[in-house]
Amino acid sequence: MQILAQQLVDGVLIGLVYSLLAIGLTLIWGVMNVLNFAHGEFLMIGMFLSYWLYTLAGVDPLFSIPLNAVALFLLGMFIYRFIISKVMTGPPLAQLVVTFGVSIFLANFAAFIWTPNYRFIGHTIFSGTWHLSGIILSVPKVISSVGSILTSGAVFWFLRHTRTGKAILAVEMDREAALIMGINTERINSLSFGIGSALVGVAGALLATHYYIYPFVGGTFGLICFCIVALGGFGSIEGAFIAGIIVGVVQTVGGYLFDPAYKVAIVFLMYLITVWIRPQGLRG
Amino acid sequence: MRNITGKQLIVGGAVLAVLIILPLLIPPFGQHVVILTLIFAMCGVAWNIMGGYAGMFSFGQAAFFGIGAYTSSFLLMTFNVSPWIGLVAGGILSSLMAAAIGYPCSKLRGHYFAIASIAFAEIVRIFFNNWEMVGAAEGLTIPMRQESLANFTFNSSKLPYCYIILAFVLFALAVCRLVSTSKMGYYFRAIKESHEVAQVLGVNVVRYRLYAIMISAFLTSMAGTFYAQYILYIDPASVMVLAISVQIVLVAMLGGANTVLGPVVGAAILIPLSEYSRAWLGYKGTGFDMIIYGVLITAISMYRPNGVWGALAGVVRREK
Amino acid sequence: MNASLLLDVQGASKYFGGLQANEDISFQVSGGQILSIIGPNGAGKSTLFNCITGFYRLDKGRVLFKGLDITNRKPHTIGKLGVARTFQIAQVISDMTVLENVMTGGFLRHVRVGDVRLKAEEVLAFTGLMAKGNYNAQALSVSDKKRLEVSMALAMEPELLMLDESMAGLTPVELRGMIELIHKVRERGITIIVVEHVMEAVMELSDWVIVLNSGRKIVEGSPKEVVADREVIRAYLGDRYDAVCP
Amino acid sequence: MKMRRVLMVSAVIAMALALCAGPGLAQEKVIKIGALYPLTGNLAATGMDCKRGVDLAVQIINGKYDLNLPFAKTEGIPDMGGAKLQIIYADTQGDPKNGLAEAERLITQEKCVALIGAYQSAVTKTASQAAERLKIPYVCSDSSSPTLTERGFKYFFRVSPHDGTMARNQFEFLKDLEKKTGQKVETIGLVYENTEFGANVGKQEKEYAKEFGYKVTADIAYPANSSDVSSEVGKLMAAKPDVIMHAAYITDAILFTKTFKDMNVVPKGFLNMAGYIESDYLPSVKADGDFILVRSTFALDLAKKKPLVGQVADLYKEKYKIEMGENTARSFAAPFVLADAISRAKSTAPEAIVKALEQTDIPGDQMIYPWQGIKFDPTTHQNIYAKAMLVQIQDQHYYTVWPWEAASRELVWPFPAWKDRK
């Protein structure tokens, strides 16, 4: 029972990190209908940024969050402006494939300049564990989850309460109508891509506190993120947030109760059953 | 485009003749590249039927590829059934699996379908990875048997493999052409445009989508069986992974989805490029070959979004 | 029972959440007639179309086609039975040529590609799109797209053709052409239901008009009767009618 | 127009296929050996470790060094007229189909007379199959799947111990431990990644646990490269085994170590492998790796008993600025074995090399491993002397602790609780 409760907590903790990753992805998907397969590689770059800041300048990953966000925001804008925007008017398949090219390039380029070696940030200001009535909480994981909640909340607030945010939501709902209303959809596209990438940058810094870092680490998170986004529903921020937690819990608790060998399969099966019943996802 | 002219026949025959003669002149590694190219050409043609024509962007073809590889190998190793029968059995099994997954997914389109197909393929992979009867994670090592066409085994030379897969590709192309010029092909393209339009035109969308998936699965599975007989070792990590599915999509897209020959051209560019860049640059361990590969995919998507062959075909259509 | 009764809608009702999109609508169409359905925006005209053609499920009521109950059948089944339709915004298959588009419709009744092509060419000659047979459907003007949509429907050899605002957005010249085409289609013995805003066309084409408002049928009759109906004029047509028929 | 299109197809295909011809260069006075490793992709870091091992071995064979290694003191192979070894590397990307293709390319195009490497057993399987078909000797010193030497191949030889031997050694250690200290172990928890490698290890461990009379209370196969391993560790915690045996590559090794610590998992001992001894492991987990036991064929502290090990390790460190590790050390063996066989065969003809390989008998003191020597079983071609030793991480270094006679430090047993440290 104790262990089951522990699994539940661990599931929520990893789920919240998934949520943050998925929100970035879903924002991009919702606004411009592009599935960014390079999302995991953006995360990898975020993690490496934190790593280098820590190694070369002694900056704790937690303090590299703002820098990460800005750097990834710029990277996202750059990639949108010079690559993604070029295929937006093309056939849908080209849009699906172009980000694959970017992802293969980024991972291997990272391996080229930083070597394929594995790295780990040993000691951050938060480490160790807390014990809460028998449940063990890993401090870096808790910090990551809190960071994820705060960031998600900030995104949520931004979208609902600022002019730009509302414009993004308007484009997400109806691109044509937004265009007629005088919203510069091109600007919104690149902004959303930037914001989506910045969120991954934040997630990268948070994960860097307790996760190994290497050029191909993106693959570990990429696939599950797509599943979460689709489960949450097309472009739905709340959907992605909730689906992230659900996937985290199902994976961890399901793996514990059933068989860890099938834990990813359980998540995918749950996804398939969900879209069978609700093709638009949970909140789509 | 509909009718094959005499001129086309001659040139087509010439291309074929080149393909038949060329393997005789090149070293085994070259033959291997030809074989691999043709395997992926076949998968690309198969993908094209469901993806290019019917608009279902499947990123889960590896499941069918793997089922084909596993079915024939399992039947061969357990019941000593000829791989040729396994080829058909695998195809049928793949088609049935395709129908079983295609039906619940019949409302999914675009990205949702893409992700659902990934999920399906991953479930199949994980299932095989834990299934003791088919070797689970250890995979199956197909014993080297007496060399003969009936055994689908050739130890001394790769040439027979070249010609068998060439015949497979021709078969797939014939199927694709037959489909694309018949009622089914028109209906697939209507479905790709929009389910509503297709329904109004009297198309049973669910059924025709299943046809597309099943034909595609059958052909992909044939390629899988061939792979197993050729490589003689299969495990879920090498025949059922996302990388295979992605490679198949890339081949079709870069060549030009929605054209019969596009995937063949795509494979002829992509596979030799990745094989030779690995052979020539890979030993340095810099990953330079993969960097080039990534850039190429990005560039083609940007500048030839209809694929290399698709762009040419487009030019031709406009000129008419 | 009228022997030539083709379509019989009985008490059709459709709700979206709490909203009544269609409430207890009944009407009948005889073979060879042209029926118009009019009403202000949001009156439920398109919903009714979608209910009859199987795109929406009816919550109450029945639809009989040639005496056969087609309520809530699948759209493609209804198409096969002889009901063809067009959409408010013309829907064509964009990566096909005009001829191929029409052929796609033709496959409903023919199997051999050669037969289908002959059928399609015949239809294109009939609708006047023959010259553009090799154009990419995407490249057509709005008017030609609508014409193409009608051609695709005709290739299905339907008994009932349902046109959803086929005349919206056309220039006066194009409008005349479309009206003529509809007349010609009727001469072939095909029954037609149109949803239309353009009153000029309604007046000229219709044998019978039904008026919807807020999901209910409020009046039906011959065009002249409907136009004369004060309630209709005042409440639902108002200045639009004045504009067309001064 | 159609004509032009068809011409384009032929042009594209012809171009693609023309590439297939490729360059085939031939040089004299060198003996070409092909080496397959995952040099790019997921396992690139490991592949590079292996490559460095091979490079160093070749450097020693070709150059003049005062080391008690075969051919160290002379340049090249004297019996072959001082011929030097040349390694042609090929990248497998960790994919079995590339293993096959590259092996064939190395043999037929690069004219390599023998092959080594592959690291991942799945890749070695297809690569050695190609070698067998083309009748070219294959000496493997870094793949551990037992099935490799169970296929009855004529051209395949393995220097390093396989998972079966190593699993057996692990249980022998547990028996020894009981004999020596009276510390009794009863239950075993197995956790392994569900890949060709992990599943094989798991299978062997289960068999030997049964043979040696231990109870397996947890048998957990899990997907490699997971983003989170809470459920796996949770299952282990529920089973509370005395000893945990974990088979994984480095990514999971790091993640499990962290999770074991966070969840305060304290069995009597960890008997792990592979990822736990890769060169990036200790720099990543630092002191958290302490007291974990890892099965190995090599450790730097062997130098105390065997000066040769220290000399080689110093040479390595001088060249690459990093410590020599297990993977490097294993891959280091194959070139010597081949050079030895070629020298005795006085020929590079495949049949002659195979014949010489079958008669290989390299004494233990000419190697950097704690084995009695290298001698291949006549039927399986597995090195009959190969076995594993156990190293324990202490103060962030690997120290040999078993077999007792090879130990350079006292074993710390049971595993000290996490909270009692520092």
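To keep things simple, chains are lettered A, B, C and D as they appear, and every chain counts its residues starting from 1.
In this section, contacts are C-beta pairs under 8 Å (C-beta built on N, C-alpha and C of every residue); 3 or more make two chains touch, one makes a residue touch a chain.
Source: prediction; values computed, not measured.
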Q) In terms of Cα-based centroids, which chain occupies the most central position? A) B
Q.
Going by the touch criterion at the top, tell me which pair is linked by more C-beta contacts: B-C or B-D.
A. B-D
Q | Geometric centre distance via CA averages, chain D-chain C, whole Å | A | 74
Q) Between chain B and chain C, what's the gap in Å when you average each chain's C-alpha atoms? A) 43
Q) In whole angstrom, how far does the Cα centroid of chain A sit from the Cα centroid of chain C? A) 48
Q. CA centre of chain B versus CA centre of chain D: separation in Å?
A. 35
Q: Enumerate the residues of chain C that touch no fewer than two other chains.
A: none
Q | Residues of chain D whose C-beta touches two or more other chains | A | 40-41, 44, 48, 194, 221, 223
Q. Which residue numbers or ranges of chain A touch two or more of the other chains?
A. 108, 111, 116, 259, 261, 264
Q: All pairs of touching chains, please: list them by chain label.
A: A-B, A-D, B-C, B-D
**Q.** Touching residues on chain B, where the partner in the complex is chain C
**A.** 181-183, 186-187, 189-190, 192-194, 196-205, 258, 317, 320
Q.
Which stretch or stretches of chain A touch chain D in the complex?
A. 3-4, 6-7, 10-11, 14, 108, 111, 115-120, 122, 129, 136, 138, 141, 210-212, 214, 216-217, 219-221, 224, 248, 251-256, 259-261, 263-264
Q: Spell out the part of chain D that touches chain B in their complex, as residue ranges.
A: 1-10, 12-14, 16-17, 19-22, 24, 39-41, 44, 47-48, 51, 88-91, 93, 95-98, 100-102, 104-105, 108-109, 122, 125-126, 129, 133, 145, 147, 151, 194-196, 198-200, 203, 221, 223
Q. Which residues of chain A touch chain B in the complex?
A. 29, 33, 35, 83, 86-87, 90-98, 100-109, 111-112, 116, 223, 226-227, 229-230, 234, 259, 261-262, 264-265, 268-269, 271-272, 275-276, 279, 281
**Q.** Residues of chain D touching chain A in the complex
**A.** 40-42, 44-45, 48, 194, 220-223, 225-232, 234-235, 237-238, 250-251, 254-255, 258, 262-264, 278, 280-281, 283-286
